[in-house]
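Comments concern the structure below.
Chain IDs A, B, C, D, E and F follow the sequence of writing; residue 1 opens each chain.
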Amino acid sequence: MIFDRNISVFQSCDGEYKESDVVIFSVPMDATCSFRPGTRFAGPAIRTESIVMEWYSPYMEMDLKDYKTCDIGDLDIPVGDVEMDLDIISSITKDILNDNKKTMMIGGEHLVTYGTIREYVKKYPDLNIIHFDAHTDLRDEFLGRKLSHATVLKKCYEMLNGGSLYQFGIRSGDKSEFEWAKKHIFQQKFNTNGIDEVVKKLKDKPVYITIDLDVLDPSIFPGTGTPEAGGITFKELMDAILTMRGLNKIVGADMVELSPDYDPSHVSTQVACKVLRELVLLLHKNK
Amino acid sequence: MIFDRNISVFQSCDGEYKESDVVIFSVPMDATCSFRPGTRFAGPAIRTESIVMEWYSPYMEMDLKDYKTCDIGDLDIPVGDVEMDLDIISSITKDILNDNKKTMMIGGEHLVTYGTIREYVKKYPDLNIIHFDAHTDLRDEFLGRKLSHATVLKKCYEMLNGGSLYQFGIRSGDKSEFEWAKKHIFQQKFNTNGIDEVVKKLKDKPVYITIDLDVLDPSIFPGTGTPEAGGITFKELMDAILTMRGLNKIVGADMVELSPDYDPSHVSTQVACKVLRELVLLLHKNK
Amino acid sequence: MIFDRNISVFQSCDGEYKESDVVIFSVPMDATCSFRPGTRFAGPAIRTESIVMEWYSPYMEMDLKDYKTCDIGDLDIPVGDVEMDLDIISSITKDILNDNKKTMMIGGEHLVTYGTIREYVKKYPDLNIIHFDAHTDLRDEFLGRKLSHATVLKKCYEMLNGGSLYQFGIRSGDKSEFEWAKKHIFQQKFNTNGIDEVVKKLKDKPVYITIDLDVLDPSIFPGTGTPEAGGITFKELMDAILTMRGLNKIVGADMVELSPDYDPSHVSTQVACKVLRELVLLLHKNK
Amino acid sequence: MIFDRNISVFQSCDGEYKESDVVIFSVPMDATCSFRPGTRFAGPAIRTESIVMEWYSPYMEMDLKDYKTCDIGDLDIPVGDVEMDLDIISSITKDILNDNKKTMMIGGEHLVTYGTIREYVKKYPDLNIIHFDAHTDLRDEFLGRKLSHATVLKKCYEMLNGGSLYQFGIRSGDKSEFEWAKKHIFQQKFNTNGIDEVVKKLKDKPVYITIDLDVLDPSIFPGTGTPEAGGITFKELMDAILTMRGLNKIVGADMVELSPDYDPSHVSTQVACKVLRELVLLLHKNK
Amino acid sequence: MIFDRNISVFQSCDGEYKESDVVIFSVPMDATCSFRPGTRFAGPAIRTESIVMEWYSPYMEMDLKDYKTCDIGDLDIPVGDVEMDLDIISSITKDILNDNKKTMMIGGEHLVTYGTIREYVKKYPDLNIIHFDAHTDLRDEFLGRKLSHATVLKKCYEMLNGGSLYQFGIRSGDKSEFEWAKKHIFQQKFNTNGIDEVVKKLKDKPVYITIDLDVLDPSIFPGTGTPEAGGITFKELMDAILTMRGLNKIVGADMVELSPDYDPSHVSTQVACKVLRELVLLLHKNK
Amino acid sequence: MIFDRNISVFQSCDGEYKESDVVIFSVPMDATCSFRPGTRFAGPAIRTESIVMEWYSPYMEMDLKDYKTCDIGDLDIPVGDVEMDLDIISSITKDILNDNKKTMMIGGEHLVTYGTIREYVKKYPDLNIIHFDAHTDLRDEFLGRKLSHATVLKKCYEMLNGGSLYQFGIRSGDKSEFEWAKKHIFQQKFNTNGIDEVVKKLKDKPVYITIDLDVLDPSIFPGTGTPEAGGITFKELMDAILTMRGLNKIVGADMVELSPDYDPSHVSTQVACKVLRELVLLLHKNK
C-alpha cells in the first residue's frame, strides 16, 4: 500500500498544474500593515475551513468540480523584507502568465497586488483595475514608505497605460486622496452603484479585479486589520460579482486582508471562502 | 421556611404543565453535524440568557406573561445514538399532542425535526411544513447516513400526505438538491419573498414551522455550526413571522442550530431568545 | 532634552482646554446596569483604538484637525455610589457650560445622561432631547431604584420645560412604557423614520443628542450590555446624524453603552470611534 | 402524562429542602467591584456546566450522590442597591441556620460574605474565619464606601468575638493593610503554609470558610474580576481543603468571584465546580 | 514551470511513505464525546500551527529533520457512524503495520485508540499499554454505548493477552472504575509517580503509548472537551516521555482530545505540537 | 476652571521627566516577528490595565508612590522600517542616558533591545546582559535578515566588551544555537537555576536586564507571539527578580513580547504590569 503526503487545497481546487486554467496561491505577508496584523494567516485558514463549503454555487449556478483549478499554497517568502516579497510574487505571476493561466491570489495585505500588477501590465499594457475597498489606498507615501498597503493602488495606477482604476465602496482616507480621486479616476464612495456602467465600458478590455475584503461591512467581516463601519453587505458584493460576468476579459484577480485570528466565530473566513469560490468560477466562466 | 429547588425556564414560561397550551423542550443532540458541533448546548444557554429579554413583544404587541407556557427543559438523551434520540423525541411529542398541547422544540441539530414530524403527521395527515434555512437539507443520504441534518427535510417531506414543504432563504446545497426542489416543492432562494402567497394558500391548513436559525445572515447569527453568508436579516425573519399570523392552524414549531459557544459576544443566543419569544406568542395567538 | 508624560486623547482631539469649543470626557460608571456590565471601560478603549481611524470624514467632508477639541479623559468617580457619580458629572458639566463650551460625554451606562441634563436644563430651560436607543428607558423605577439606566429618559423628560423628548429606534421595553410614550412623547419604533420632520420642528431650538449605541443592530455593535436584535444599521444612524446638520442649536451630546470587552473583534469600539468623530464634527459645525 | 418544569441544580444536589443538611444558594451581586464586573453570572454558569463533572471525588473518596443537598438557586436581589442585597442574604442565611442546616453560598463579589457572617456570629459568637484570597480585603473604606469587596474581611473581623481571622495566599493590597494584618491576625502571604497549625488550633471551634477563587493563580483561574499572578495552584488549594477535614465544626462556607465571561475556555467555571464539589462534601463530612 | 499542489504536513514530517519509519495520520472523529465536541479539528490545526515550532528538541537533543516521517493527513471518515470510523482506522493501521512502520495517530476523541489497538494486538499479542489521562475511561458502557470515549481503555484492556494497562494522571471517574482499577491494573492517581518502575518492568516488552492530552492541567491545556483541574504540568509530561526512552520496544503511539476551537490563545495547539514532536522522536529513537 | 488633556501613564508613574530617575517608554514595533504579530499594542494595554494593580509590592516591600518615574508613552515610529525604528530607539536612549536616568523599555518585539544596547555599551563599555527568554535569539541571520527578533541577542553580544551574556529559561532554538551557546556564554536551559551565582559574579558590574515575557509558561502568559510550553512559573520569575536585588549596578531594563490581543482573559497584560512594577522598583532600589 502507498499513501500520499497530505494535500491541502481550497475546496475542489485539486487540479494538477498543467491541466488547470486558474492557479491559486496565497501570500503570507503583512509587513506594512499599520494597525492589526495577521493577514499572513489567511491562506491556510481558507484552505482548512473551505472543507465545509459546498462546491456548487447557487448564485452562478456553476460547480467548482466542473473546472480545473490548481492551488499551489502559500508562497515561501522572507518575513519583513518587503522588496524581496514583492519580487517573489512577480516572479510567480510571470511564470503562471507565461503558461497562459490566470492567477487567483490570496493576501496577505493589499500591497501584494503591486507584485502581480507589475507583471500583468507587461502582458496586458491596456489593463484596467476594478477595485473594491473601504480605503482609498491612494497615498503617495505612508509613514515614510512609498510601497505600502496605503499607497498600493496609486502605485498600480501609475503603471497603467490607457487603462484606468475603478474604485467601489470607498469610505476612509485622507482628504487629499479623495480630492485626487475626483480628478483622476472613477471612485464610488460607500457603495457599488455604477458597477453596471463600468462593466459595459470595459466589456472587451482586459480587467484585473482586486477585492479588499474590508469593503464589506464589519458586521459580516470583522476579521480584518482595519475594520470600517458603513461597508457594503455580502449581497451587494455578490451582486457586483455577478454583474462582472458581463466582462469578457477578466485576466486575473486577488482577494486580500482576511485576518482570521480577529474573528473567533470564524465567519470572516467562511465569507472569504465563498467570495473565493465565486471569483474562481468567474475566472473560469470568462475564459 | 421551605425553599424550592432552583427552577430554570425560558423567560416567563413558568406555567405548570397541566394549565399550559404550549410546551417547550430542548434536545441536546448534534451527532450528525458535519462541521462545527455544539448545538447541544443551546437549551440551557437560551434559558439562562433569556432573563435579560423583555416579556413584552413590541412586534406582536403581546406579552408572554399573559399566556401559559410550560418549559420542561432538556430531554435526557444518550449521546451518539441517533435512533434512540429520535425515538425519545417522538415519544415526548406524542405525549404532548395527546394532551392537546403544542410543542415548541429547541434544537440541537436539525435532524430533531424528523422526530417530531413523525408524530405530527399521525395527528395531522395533511400537515404542511414551512421551513426557513440556509441549506436545502434535501439530500437522500449524507456521508452514508439516511437520517442526517442534511437529509432531514427530504425525509420529512416523504412522510407528508397531501401537504407539502415550503422553503425560504435557501442558499447552500448540492446542485441535484436544487434541481429536485424545482420539480417537487416551493423553494425560495436567498430571501423570504412569496411568504404572503404561501400563507394565503395554507390559511386553514395545519402548518408546522421549522426555523433553522442559520437562515439568518452570520453577521447577526454567527453562533451556528455552518454559517452561510448572504442570509436574511433579523427584520426579514421577523416580518415573515408576523406574516404567518395569517395562518389559522399552526400546530407546532421548532427552532434549531444555535451553537452558543461559537459566539463569544452571546448575540446569537439573544437572537434565538427573541425568535423564540415570537414563536411562542405565535403559537398562543393561533390557538 | 525634556520629554512629556504620555498624553492619550481621542484621535486629533488634543486641543488645550482654553482654546477648545468642544470638551470630551468619559464616565467609567455602570453601577445600575441590569445585565452585562463593563461600559466603564469604554473611554480608554475609544482613546486607544481611535489611533487607526482617519481624522477626515467623507460623510461630513470635514476634518477633525481643522477644529479645536479638548479631551480631558475619564472622570474620577467612586465605584458603586450612584448619587456621588451623578454629582461629579453635573459639576463638570456646569464648569464646561460656564466656559461656554459644549460637552461631548462618553458613557458608561445611560444613567450618566441624567447628570448632564440636570445642568443643561438650567442653562437652556427650553431644551429638547433627541434620543437614539433600543430601549425605552422610560420606567418610573427599576428594581427598586428611581435613578437607573432603565428610567433615565423618563427622569430627564420630567426636568424639561417646554421642550420634549424624541425617541428613535426603540424596540424593547415594558408594555406600560410604550403606552406612556404614545400619550406623551414622539417615539419612533424600530427605525429612524421621521427624523427629518423632527429636525425641521426643532430647527432653532436648543437640542441635546443622546445616542445609546445599542440602537444599532448587534450585528454591527455586539459590544454592549443588552444587545437587542432588530436594530438600525450603521448607515441609518449615519444618515440620521447627517440629517441633524439641519439643527441650528445643538448644545451638547453624549454616546453611551459601549462595553468593549464583549467584542473580541474590537469592531464595536471602531464603530463607537466613528460615531464619536461625526458627533464631534456635528457639534463644531453647529457652533 | 405530567411533565415538570425544568429544574437546574448543581451536579447531584437535587435534594428537597427539608431533607437536606447543606443548602446551596448563589448571589448575583457585583455592585462594588472595582475592576471587571460579571461575577453576577457565576451561579447559573456553575449549575449549567456542572453537568460534565463526576459526582465522585477521588480526593475525598466521597460521592455527592450519597448526601442530601438542596440548591435553591440565585437569590432575587435588586441590582445596585448594596444594603438591600446584604439584607436579603442575611435573611436567607438566618432562615437556613434556624432550620439547622449549613449554607454553601456562591458569589458574586466578596462582599456577600458580610451578609452571611452577620448571621453566623449571632448563632456562633466564637466564630472563626478561614479565608483564602489574593487580596487582603482589609481596608477600612474603599473609594468612599465602608462596605465593599475591598473592606469585607475587615468588617467581618470586627464582628467576631473571641474567634479570629486566618488568611492564606494573600499577595495584593495596600501597605497599611499588610501592616495591620501583621499586628492583629494570622496572615500567610503567597501560599497556604501553616494551614496544618491553624487547623489544629481551631479543631473544635466553629469555623466558617470563605474562598475567593482569585487565590488561585490566573493560569488556572483567569475568569475573575481582578486576576493576580503568583497565586496558588489548584493542587495547593485542594491540599488545603483536604487538610481542613481535621476541623470538627465547619459551620458554613462560601466561594466567590468567578466571572465566567472572562474565560472563553470555560476552564474557570470547571475549576469552580470542582472546588464547590469538595466544599459541599467537606460540609457534609463534618456534620 | 511546474508547480505542485499544496502539501500540508506536520513540521518537517514530509517524508515519502516508502522511505518513512513512522507514519502520522489524524482522525476527525468526536461522535461519542459527552461534553464539548470539536476534537475533529485537531489534525489540520496541528499541521498549520506546527510551522512556528522548531524542528530541534532540546529535551531529546534530536532533530526531526534527521528522520523520515510521512504525514498522510486526516482519514476520510463518515461523520456519526462510529463502527465504520473504527473499521477505517483499523484498516489503515493494518496496512501500515504490514509495511513494518509505526503509527503515530492524532485524535479526535479517545475512542480512536480502540481502532488501532485492535490491530496492534494481532501483531503484538503480548502488547502493553501506557496510558496518560485525566479520566479512567474504564466504564463497561456509557450512556448506553459499549464503545465510547469513556469505555475505551476497558475495551482495549480486554483485548490484551499477557500484557497489561498502566495508567497515569487519573483524577476523574466513577467510584466503581477506581475500585476496578485497584484490583486489575496499575493506576497512578493525580501524577506520574512510578513511571520509572513501569519502564523498567516493560523494558523489552512491546509497548503502545496513548496520551489523552487532558492529562495536562487545564492551565496549560484548556483546549479540550472535558478539562479537569488538578492535572500534571507540561514538565511532568515531558519528564515522563523522556523516561520512556528506557523502553526498547515502543511499537506505536497516539495523542488525542485536542479541541482547538476552545482555546482562543492557540496555546493548546502549540502544546500538542510539542508533545507530538517528542513522540515522533521517541518512536524513531526506539527503532 | 482649567482642565488638562488626558494623561495616561503606567500605575503611579506620573513623575515629571526632570525629577524622575527612571523613564518608561514603549515601542510599538513588531516588523520582524515570524509568527503571530501584535506586540505593537503592548504599551497602551499596559497603561490602561495597570489601573487595577496595587502600587505597593508585597514582594519588594516597596511602593511605586515613593519613587519618581516618568512614563513618556509610545515612541512615534514608522511601521515596517526596521532601521529607522532602531535609530529612534537609540536616539531616545542616548538622551535619557545623557540625563543620567535609567531606561525602562517596553516592547514590541525583542529586536528593540538592539536599539538600546547600542547606546548602553557606549556609556558602559563593560556592560553585561542578563536575559530571560524561551528562545535562544542567537541566530546569525533569520529569514535573510541580520537584525531580527531571532538574532537580537547574538548581535547584542557582539557589541559587548569584556562583559557577557547570561541566559535563563531557554527552551527553543536551532541546534547550532545551543551548540554556540555552550561554547561562548552562560546558558541555563528550561529554568532559572544558577541565577544566584551569576548575581554574585556580576555584583558590582554594570548589568542590563532584558526579559522576554515568553520565558514564562504559556499557562500564565498566553498573550505572546510564539508561546512555548515548558516555561518558568510566575513565582520563579519573581524569585529571579528578587535575587537580582543583589546586583549593585543595574543600569537599565526592558520587557518585551506581550501581544495583548492573543489573550482574551487579559491575564497576560496583568502579568506584564506586575513584572513591570517589580522592574521599576528594582531600578529605583538600585540607584
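Methods note: a residue touches a chain if its C-beta (ideal position, glycine included) is under 8 Å from a C-beta of that chain, and two chains touch if they have at least 3 such contacts.
Values in this document were obtained by computation on a predicted structure and should not be read as measured data.
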If you tally contacting C-beta pairs, which comes out ahead, D-F or A-E? Let me know. A-E
So which of A-F, A-E or A-C is the twin of C-D, meaning more than half of its contact pairs are the same residue numbers? A-F
Chain of greatest Cα-centre distance to chain E: C
Report the inter-chain centroid distance for chain E and chain F in whole angstrom, where each centroid is the mean of the CA atoms. 38
If a residue has to touch 2 or more other chains to count, which residues of chain E qualify? 34, 36, 217, 219-220, 262, 264
Viewed as a graph of touching chains, is the assembly arranged as a line, ring, star, complete set, or other? other
Dump the list of chain pairs that touch, please. A-B, A-C, A-E, A-F, B-C, B-D, B-E, C-D, C-F, D-E, D-F, E-F
Using the touch rule from the top, collect the residues of chain C that touch chain B in their complex. 34-36, 170-175, 178, 189-190, 217-220, 222-223, 226-230, 262-264
Touching chain D in the complex, chain B uses residues 1-9, 14-18, 23, 44-45, 47-48, 70-74, 95-96, 98-99, 264
Residues of chain C touching chain A in their complex? 51-52, 54, 56, 58-59, 63, 217, 219-220, 234-235, 238, 264-267, 270-271, 274
Contacts from chain B onto chain E in the complex sit at residues 30-34, 36-38, 40, 78-82, 84, 143-145, 148, 261-262, 264
